[in-house]
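This is the structure I want to talk about, given as structure tokens.
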Amino acid sequence: MNLSVQYLWLIPALPLLAAGIGALTPRSGKAIAAGATIGAMGLAFVLSCGALVTALKDPAAHLVANFTWFELGHSAVRLGWLLDPLTALMCVMVTFVGLLIFIFSTGYMHEDANFTRFFCFLSLFAAAMLGILIANSLLLLFISWELVGLASYLLIGFWFHKPAAAAAAKKAFITTRIGDLGFLLGMLWLSDATGSLLFYDAGKGVLETSALTALVTQTTVGGLAVSTAIGLLLFCGAAGKSGQFPLHVWLPDAMEGPTPVSALIHAATMVAAGVFLIARVYPLMSADQAIATAPLHALSVVAAIGAITALLGAVIAVAQNDIKRILAFSTVSQLGYMMLALGVGSWVAAIFHLLTHAFFKALLFLAAGSVIHAAHHEQDIRQLGGLKGPLKVTFATFAIGMMALAGVPFVFSGFWSKEAILHAAHGWNVSHLPFYAGLVAVVLTAFYMTRLVAEAFFGQARSPASEHAHESPAVMTVPLVLLAICAVLLGFLGTPYWPWLQHTLDPKFHSEPGGGGLMVTSIVLVALGIGSGWAVYGRRLRAKASAPDPIEAKVPDLFAALAARLGFDELYAATVGRLNTFLADAADVFDRYIWDGAVRLLAGLGQFTGNVTRETDENLVNGGFDATSEQLKSTAKTYSRAQTGDTHGYLMLVALGFVLLVLAVMLGGTR
Amino acid sequence: MSLSPLQLCLLFSSALFCVGLIGALSRSNTILVLLGIELMLNAANINFIAFWRFGPAPAAGTGVVFVLFSIAVAAAEAAVGLALVIAVYRHQKNIRLQEANRLKG
Amino acid sequence: MTLAFLAIAFVTVAAAAVAMALRNLIHSALLLVFNWAGIAAFYLWAGAEFVAFSQLMVYVGAVSMVVLFAVLLTQRSPQSFREQPDSISRVIGALLVGGAVLGVLFGAVLSSRLAPSAATATPTISVKELGSLLMGPHAAALLIVGVILTVTLIGAVIIASTDHAESGKDES
Amino acid sequence: MLGTGLLKGLGVTAKNFVGSYHDPERYTTIEYPEVKPKLPEAYRNFPFLVTENAMDPMGTLRCVACQICEKECPPQCIYIEKSKDKKPDASGKMQIYPAIFDIDTSVCMSCQICVEVCPFDAIKMDQVFEIATTDRYDALLLRREQLAKPNSYYQSIHPTEAAEVDGRLAADRKAAEEKAKAAAAAKAAAAKAAAAAPAAEAPKTPPPAA
Amino acid sequence: MNAAFLATLSLELLPAQLRDMVTGWLPEPWRWLVNSILAIAVILASFGLLFAYLTLAERKILGRVQNRPGPNRTGYFGLLQPFADGVKALTKEDIVPRGADHLLHFLAPVALLAFSIMTFAVLPFGRNLVAVELDAGVLYFFAAGAATELAVFMAGWASHNKYSLLAAMRALAQLISYELPLLLSFVPVIMIAGSLSTQEIVHRQSGWMFGFVPQWHVLTPWGFAGFAIFMTAALAESNRSPFDLPEAESELIAGHLTEYSGFKYALFFMAEYFGMCALCGMAVTLFLGGWQAPLPFLEFIPSYVWFATKMLTLLLGFIWVRCTFPRLRIDQLTRFAWKFLVPLALINLGTTAFWSLTSGWTGGLQIARWLVAIALVVIPFQLIGRKLSAGLGPRTYRYA
């Protein structure tokens, strides 16, 4: 079974159709909406598998199908589909994880009144996401990118009657829009510089040698190569979407949406779009590596930002109490890892981590959703506790996810993918700082995940909600189990001993030697993290929900700062927000007095001219017409006076006319 | 004076027509005006029948058919006319025809 | 024969004249109904049986109902069935114009040389022949009349409706 | 199906129509003036006064004019005047009797309270219903003579109740007789004793009242 | 009377011969006039008598249905009761309300009665017994019937009583509503018979199927449906229970008849019975084969006897219906007409067209024709009936 590239559009089209069906289904048609969505997603999954088969025939080839969207004068706007192992693997991942999450959602959202709307949005999101993946044009990618943003906005604000959800939706939308501005500028610049937006177009695409060479050789302000500048602008978009350091603030708030949404969008797929974007345009990003003298390499920025994000997310996650928030910050941290990997030159490792992360983070979120569902929408881990007993399946799967995330060696996929990244970072010859940041993040990740598990699942129940917890229905647990299996197995696709994935994605890949020592180091660090986490939280289990956190007891200031997410939100409010207000005010003043004055002056001039013309017109030109029409009007008025509205009068006139006619005929007529 | 039956009929219908005309002209009540017009219509119908009965080509039966159509149309006219009267009444609270002159020039 | 005609004509015209002169609307309407019945009698006299019965059915049975309903629906109280007298000037004008028309018509009729018809035999038309005529040469007209009646029915109901929909459904 | 109910209804009326000709159970009408309705025993309407002897109604009224009924009557339709003298009643005892006993039947509501309260079983409920008259006043005011009806009539209209009343009265009377007999015996004994008493005291003691 | 005359004297021709005996000696124009007057007199007399005894029969039957004897005091079995009623009505005070329109108040019952009697003119009472042979007899019948509405209005308006007026409007609404199904229900007959003449319609129903089944219209699917609709609408047109809303004594104090008493009331009463008789006679003519005998060997019985028998049966049916069904509410009444009877009558037109077009079918096709026609009658009845009674399920009355 394989799918040729011409029919690649079917993959996003199916969920789009399902979204249409969902939008037209009345509220009572839950089965129709869910059935259409899941069916479309299942079909898309099958098609993706077919696409993967096609792509694997020649991993090095970029199969494309381009067409002209519309023509604009001499230039034409062209779009196209692209099929290579990256696309295919991502498609398979997105459709598979999406399918499982959709199935999970039927159970999780079953009580919701707007069930059909939810599934409509989910389908829309899936369609847009798949559109990003198959795009062979930066423009198509951008369109899908914005659609993804829209769907994300709709889904975060799905419970828009909650003010927090509405605010979070707005925040996410606006924050990502800031990044997208960069993306848009980069895209326009790219289009201007190369005249095309297609990635691969038989040698004329922007990712192909001729265009890249042209881009690298031009320089712009500050001695930057054009490719660097464009790459950095594109990276702005990626940073916004993937929640990288300065723009990461929206991601934790996005957890206000329903948990399946958090799992699908804000853990597994959408946030990975940024990583995917950088991986997709990797030739462009890495083009400036050829110039050793360049003041700044785009990938260095990516690596720095990734390292900062990885560390920052991990640190903040330590002090969070909301189960979904912890996972959200862990996502931020892991996305930082991926960016780090991209930055240090190993995009294959980034994609590898992306794939494994997608599975185990989706697993963690869905398990968290199951916990929340079971505990009657209690999300605070201090209020939970003791869930190990009642939620056996959930606990088991959550533990697997946790160990995968923490990077417990050998068995779990997270270990291998993280290992690949650290390996790449270690080998980066520019700086070792990202590598060390990654190591610290490894410890912290293990630490906070241990904390989470210990608080939520061990000990005794600390609130009525967790006391009455019960296992979720099969429709929710079965996806968990499937994801858990994948979270374990997926790691074996990319071990240093059998780097299938790496070779598939990048046929030129060759593993660097000397991984053994690094592996030992990271195993020690993971053990350290888990051990310290267990020492702090596991040995003396929390007895009451209101008891202070052990770290909080030791260093309250630091904990408070972390719990407040290091004040990024406040900082933005104080700086960006205030600056924005100031600028708006300034613009207002400028507008009102300076521009307006100029405009008024012009307008006054225009008015004067107009007056002059009008006078001429009215008195000279129109005079004659006016007189004529006045005449007409007065005549008409005279005539209309005959229309007295007196029906009797009309009738009488008719009768008199008749009499006169008859008389005329009789007296003067000839017969 | 020897009048043919046809002439008698025509005189009859003329008289009826004029009675209807005078009624329609002199009364201010819209219903009565409508009735006067009905009367004129009926007078016309009488002419049709008279010419069918005493005219040169009675066999065709066209006169009768015409009267039938005329009656049907007159019924329709009465229905619409009186519906209009009711609408006018609802609007101006009386049905004096000379007051229904909103559209005058 | 002629005597019967004269009687019918006299009664009919008299009824119409009185109806147009009366101030009580209901009496006017009822007299007009009587007048229509008289016209039906004329049709009978003339041998147009079917037309006579149609006239009875449509005018006496249906139009009269519409008229009476309209009269009742447009009066505020039973006391106001008496119309205010119409302005004398208009009445005089109407009489003058009507008289002129009458004179002209009478003059025209009397002066015309309408010979006493050669066809002494009374023409008759059976219902069956009438039906064939209607369905044959005049089928198109029949259809159009049907459409007109339907449209009229709907239109009358819409014009007069909101609360008094009955007045529209009378012409059957 | 629409219409079956209508047919069923037609069937019911048809059955009634046919049945009224041959089924006396259905045809319950009584042609009244010719055929009198058979009143149920418990039917009560207007009170009457019981007399012991049909031959001498006024002489044998059970009523002793105690006026309890007059006081109890809710619409106050009874008017009684006591007699000045006494007459022997059925058992021969001397009693006051009603000189006037009127019931205004235009007021009476047949509540039966007078019957309930009468200690002498002298007033009972009648079964009359054809008492329409042409006079609104006097004809509806029933006098003692019109009200008095013999005990045999009472037995004919309310047999069960009358038997019970008669039994009770007979028992009372018997008890009274025995008491009287005993009293008489005592008297006789006393007389004997008195006779046996010293003669000197005899003129001083008056004879005990009977 | 000689023997030859006696020989020609058969029961069938008896009425005509009797008439000729009386008027035979008159010269032609006078003879026509007297004949007409005689016919009118006979009709008036016989229907007057029928009216009188119909009221008695109605009261007796109603009584029997309610397990009472009915009037039985006046004369033997109460046979003189109608005359006693008549005397009572005549001697009662004739009250005319103050402010009433005297002329119209008097004209209303007279007009009503006149129009009712006019309808008898075209009924074929026997093989040769019809007062006026009209080419458009059926049309005449219903034209005259339509005029009765005017009388009802006159009665309501002339009474100078707003309740009478309202009741008259209500009665008009009912009469107009039911006129439509009434007219539509007999159009199929005219389609099949191809004539508006009553005699012609009766003649079309002569003949026998299989030698003994009469070919009356009522014995065809469309005819049965038309008959049922006709009789239902006739009940309403003649203000009979359960459609006697215009004169509901208990609820609407007799509607437009409130201000009538004495003889005028009796006239209204009479007109109602005349109208009922006329409609029943028309139903007999249109659907029940007129004066034809129901079985071939019964043809020796004179035709007018058959007509009378059929008409009386229908009249008794009216009485039977009256004693069975409770009165309808006005909205139920009009809804029944517009939403049930009119659509059914219109569909019946289509059924009849089918019947007429397939008249050539024989053998197996004949059976198919019957089945299709029956389906065309029964299925709309079921569907529209279900819609009509939707939401009006069996009701339990708590205080009944």
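Letters A, B, C, D and E name the chains as they come in the text, with residue numbers starting at 1 for each one.
In the analysis below, a residue touches a chain if its C-beta (ideal position, glycine included) is under 8 Å from a C-beta of that chain, and two chains touch if they have at least 3 such contacts.
Given the structure is predicted, the values throughout are model-derived calculations rather than measurements.
Looking at the contacts, which chains touch chain A and chain C alike?
Under the touch definition, chain A and chain C have B as mutual neighbours.
Which chains sit in contact with both members of the pair chain B and chain C?
The common neighbours are A.
For the chains other than chain C, what are the connected groups under the touch definition?
Once chain C drops out of the picture, we get A, B | D, E.
Need the central chain here, defined by C-alpha centroid distance to the all-chain C-alpha centroid.
Smallest centre-to-centre distance to the global C-alpha mean: chain E.
Max contacts between which two chains?
B-C
Considering only mean CA positions as chain centres, point out the chain farthest from chain B.
Result for the farthest chain: D.
Report back the single chain whose CA centre is most distant from the CA centre of chain E.
Comparing chain centres, A lies farthest from chain E.
Per the centroid of Cα atoms for each chain, what is the distance between chain B and chain D, given in Å?
Distance between chain centres: 88 Å.
Report the inter-centroid distance (CA atoms only) between chain A and chain D in whole Å.
Here chain A and chain D have centroids separated by 107 Å.
Using CA atom averages as chain centres, what separation in Å is found between chain D and chain E?
Result: the chain centres lie 63 Å from each other.
With chain centres taken as the means of their Cα atoms, state the distance from chain A to chain E in Å.
The mean C-alpha positions of chain A and chain E differ by 83 Å.
For chain B, give me the residues that contact two or more of the other chains.
As it turns out, chain B has residues touching two or more other chains at 21, 25, 28.
Do you know which chain C residues sit against two or more other chains?
Within chain C, the residues that touch at least two other chains are 50, 54, 62, 69, 90, 93-94, 97-98, 101, 105, 170.
With touch defined as at the top, which chains are paired up in contact here?
In this structure, the chains touch in these pairs: A-B, A-C, B-C, C-E, D-E.
Once bound in the complex, which stretches of chain A touch chain B?
Contacts found on chain A: 637, 639-648, 651-652, 655.
For the complex, which residues does chain C have touching chain E?
Touch residues, chain C against chain E: 26-27, 30, 33, 37, 49-50, 53-54, 56-57, 60-62, 64-65, 68-69, 72, 78, 126-128, 166, 169-170, 172.
Flag every residue of chain C that touches chain A in the complex, lowest number first.
Going through chain C, the ones touching chain A are 90, 93-94, 97-98, 100-101, 104-105, 107-108, 111.
Quick one: which bits of chain A touch chain C in the complex? Just the residue numbers, please.
Touching chain C from chain A are residues 648, 652, 655-656, 658-659, 662-663, 666.
Going by the contact rule at the top, pick out the chain E residues touching chain D in the complex.
61, 64-69, 320-321, 323-325, 381-382, 385-386, 388-389
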